[in-house]
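Right after this note come the structures.
In what comes next, chain A is part of two complexes: it sits with chain B in the first one and with chain C in the second one.
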Partner chain A sequence: MRNVILDNLPYLMNGLKTTIVMSIITMSLCLLFGTALCALRRSHWAVLRVPARLYIDLLRSTPLLLIIFWFIFFVPRATGISVEPYTAALTALVAYFATHVAEIMRAGIQAVPRTQSEAGLASGLARWQVSAYIVLPQAVKNMIPALISRFVALIMGTSLTYIVGVIEFFRAATIVNNREYASIQVFSFVAVVYFVICFGFSQFGEWCRRRLGAQALSRVEAGLGR
Partner chain B sequence: MTCAKLATYTCPVNQTTCSRAGSPDCPLARPFLSRNPGFREAAIHYSFSWQVLFEYRDMLLRGVLVTLQLSILGFVLSAALGIVIGLCRLSSNRTVSMLARGYVEFFRNVPLVVQIFFLYFGVGMGSFSAGLLGIVLYSAPYIAEIIRSGISSIPRAQYEAAHASGLRPLQVARYVVLPQAIAIVLPPLATEGVNLVKNTAVALTVGVEELTFMTQEIDSVTFRGFEAATAATLIYVVLCLVILQAVALLERHLKFETRVM
Partner chain C sequence: MKRDNANATMTAAPVAAELAVEMTDVNKYFGNLHVLQGVSLAIQRSEVVVICGPSGSGKSTLIRCVNKLEDVQSGGIRVLGQDLNDRKLDLARLRSRVGMVFQAFSLYPHMTVLDNIILAPMKASGVKRDEATERALTLLRRVGIPQKVDAYPAQLSGGQQQRVAIARALAMQPDIMLFDEPTSALDPEMIKEVLDVMTTLSGDGMTMLVVTHEMGFARRVADRVVFMADGSIVESAAPDEFFTQPRSERTRTFLSNILTH
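After this line comes the complex of A and B, so read on.
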């Protein structure tokens, strides 16, 4: 009996490459957009704060699949801008996961005790110095493990972009399956590959958490889901 | 095996049984994008027509009902499984706790859509049951972790005090552990419920006709997907708000009860 997986390995690995590249690009954009969103969300001006909050809450309570559909079908149709499936899927992922990144950043900043910034101000530092030298370093430390776990969620999220025709790892696998009719082998293989990658990153995140002594943002993280 | 299953797929557009089963032309095998050819041409001059929601309210309602069905059944089953796994993880028997940990780590780190495809195409389950079981298997690890951290956050001294004051193990569980554990566990369980409602959308990948699927169906019949998706988004938001509010109320009620006692 020939081995379905080995025969199609180059094709599957090509898909896996797309998944990884896509995840990395999305995560970078999410960090940028998420930082901006977090800044808006924490703004003193309600004009900036309220829309950011509405945006975050809206996207957080909508399924990722529906958001992907929004970006591939409905937004282009209403605005008249046509987009490639890959771009649309990437935009959807960024729009969705940036809200998660923003929430993690907010929680990471909030987890720094107030006394820290009070002590900084009392010792004569300017506000920006308190932020840059006291609050942010500690906040970033708190954020890193949670951001790694978001990256895992993001890798798993890319599997949903198969539905609009992005040939990433999962879509490559369904194409192989349609050709070979070997569902059990193909999908077991897919599950194991995702597991190895995601479990590896999850463990790395946990290691970072212990190593950095970061505060657990578990309450916020639980609400983000996967 | 794939053929036999897809041959029973009734096309929602013209209500005929699909003869292209198993081929790349099959509606389930193709990505949704190619089901809407020409959507780019019509992009210009898109005018909104919200009465389509009223005309197709039956489809939307059917979608909401299936989503609710999946969510409620999924939550009950995954809570049951999650409690069992969570207790197993706390077991002093090493084999049992390692097995439970293995389950948690594996099913947490494999995308839901992969699990559902495995159950549907690999195991050969029906679309609804594959979707439901996938959602249950995927959510149970999170619930197990919530239960585990809820129970293990109760200080040891509590058990010892309860035991010393003459309560039997079952009474310790009922009167000492449970009231405290429930208060800790409820808020994260609610957010897990919200996540579960969102995850039910993934069941559309194997043809479960839930809310997100219906927006695509309304779109392919009327070309009014924008309106349908707006309605669907609002429905999801309302569902999530209702769950969070209901649990907040329940939490307040439970606090009130313990205070009276």
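After this line comes the complex of A and C, so read on.
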């Protein structure tokens, strides 16, 4: 008896590569865009804060699939720019998950008691120094668990892009299944692969959290020349 | 009327060349709540002033105005000769000359005791690491816990944390120290170790503004006790006079309430 998975392994692995590359690019862009959004959302100026808030609330309250459709069908028509499904889907993922990242960062910062920054300010430190040495090291530690679970959702979220024709792991598996009629084997394999990646990633995240707690600390200490 | 009387007693003191703190008719609102109602207060250099009063009377707000952790809606505040309303004021620099100790200690939990103490001297005043460290060790000896230099705040008792917080504030070599209920979060036996440090500090001639309910400390250490109620200064007098012959009925009620236990 032939093995459906092994026979199609190169093709499946190609899809998996797309999933992983897409996830990594999306996460990186989410961190950048999310940081910017968070900064805007926390701004003292309403001109920056209000639009950021509208954007975040709008995107967070919309199904991811709808946003992907939006970038595939509506944005090209509205802007006249036509892009590959891959690029459009990736943009949609970033647009969507960056709002979550921004809110996680905001929550992480807000969770640091106000008395911490007051103590810093009262000692004569400038506002940016209070952020850099006192608030952010504590905030980053607060953010990590929520960020990791969002990123796990992001990895699984990339599978939604199969609907618009991106041949990532899930679509590759669907194509194999349509050809081979072996849905049980194929989709069990898909389940195992997603589990390994997502579970592995959250374990890695947990390890990072412990490490980074210690690292943020040593960075502060390095800053103080120890 | 009552307020005018209080002002009269305060301005009666001889005015030194430069007052440490001078507040004139300060008004502060939190929304509709009028938390400071025309407060005037002058503090001499090296003077130890204890502010007491029922909760919600505005005492904490008052001392938080001294280093501008709170803004006021009207009135003048001068600290070490500098006008807090001045737009060109270098606030960080002024704050580095005014140390503050908080009720909740507010040590930085991700730093060791040493790093807590040397952070501001190094980053705000540009003191070299070696010098800052030396200064920190001297201060830790002074507050009685040199052995805790490498500990993290979470490993210390409340009293030890508050003593580190005092050392941290002193590391900036401030001219004024503000204490916002420094012992209110402490167990009774730790209160003494903190008050002892504060007593020594007053003996060294530090200008101190202390919000506290520790009336024994007020009686022993304060040069003047200020009693606040409902956002106004009701009474301001030397401790002897304050505790033995308070003039206002409100003060008498307060004292009988807290001294009966």
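Brief remarks on what is shown
Convention: the second predicted complex is superposed on the first by the 202 of 226 C-alpha atoms of A that agree within 3 Å, B and C clash if a C-alpha of one lies under 4 Å from a C-alpha of the other, contacts with A are read in each partner's own complex, and residues count from 1 in each chain.
Simple rule for what comes next: contacts are C-beta pairs under 8 Å (C-beta built on N, C-alpha and C of every residue); 3 or more make two chains touch, one makes a residue touch a chain.
Only a predicted model underlies this, so the values are computations on that prediction, with no experimental measurement involved.
In the superposition on chain A, A:28 makes contact with neither chain B nor chain C. Applying the stated contact rule after C-alpha superposition, one finds that A:3 touches neither chain B nor chain C.
Comparing chain B with chain C, the partner in contact with more residues of chain A is B. Judged by the touch definition given at the top, the superposed model places A:118 against chain C, while chain B stays out of reach. Contacts of A:43 after superposition: neither chain B nor chain C is touched. Using the contact criterion defined above for the overlaid structures, shared-chain residue A:177 touches chain B, although it does not reach chain C. When both complexes are overlaid on chain A, the residue A:138 reaches chain C alone and has no touch with chain B. Contacts of A:87 after superposition on the shared chain: neither chain B nor chain C is touched. Once the two complexes are laid over each other on the shared chain, residue contacts for A:126 go to chain C alone; chain B is not touched.
Taken together, the two complexes place residues 225-226 of chain A in contact with chain B and also with chain C. Residues of chain C touching chain A in their complex: 67, 69, 92-93, 95-100, 102, 104, 106-112, 115, 118-120, 122-125, 129, 165, 168-169, 172.
Those residues of chain A that touch chain C in the complex are listed here as 113, 115-116, 118-126, 129, 133-134, 137-138, 141, 216-217, 220-221, 224-226.
The part of chain B that touches chain A in the complex is made up of residues 1-2, 22, 24, 29, 31-34, 36, 39-40, 42-44, 46, 105-106, 108-115, 117-118, 121-123, 142, 146, 149, 187-188, 191-192, 194-195, 198-202, 204-205, 212, 215-216, 219, 225-226, 229, 232-233, 236-237, 240-241. Of all residues in chain A, only 57-58, 61-66, 69-70, 72-74, 76-82, 85, 152, 156-157, 159-160, 162-165, 170-171, 174, 177-178, 181, 183-184, 187-188, 190-191, 194-195, 198-199, 202, 218-219, 222-223, 225-226 touch chain B in the complex they form.
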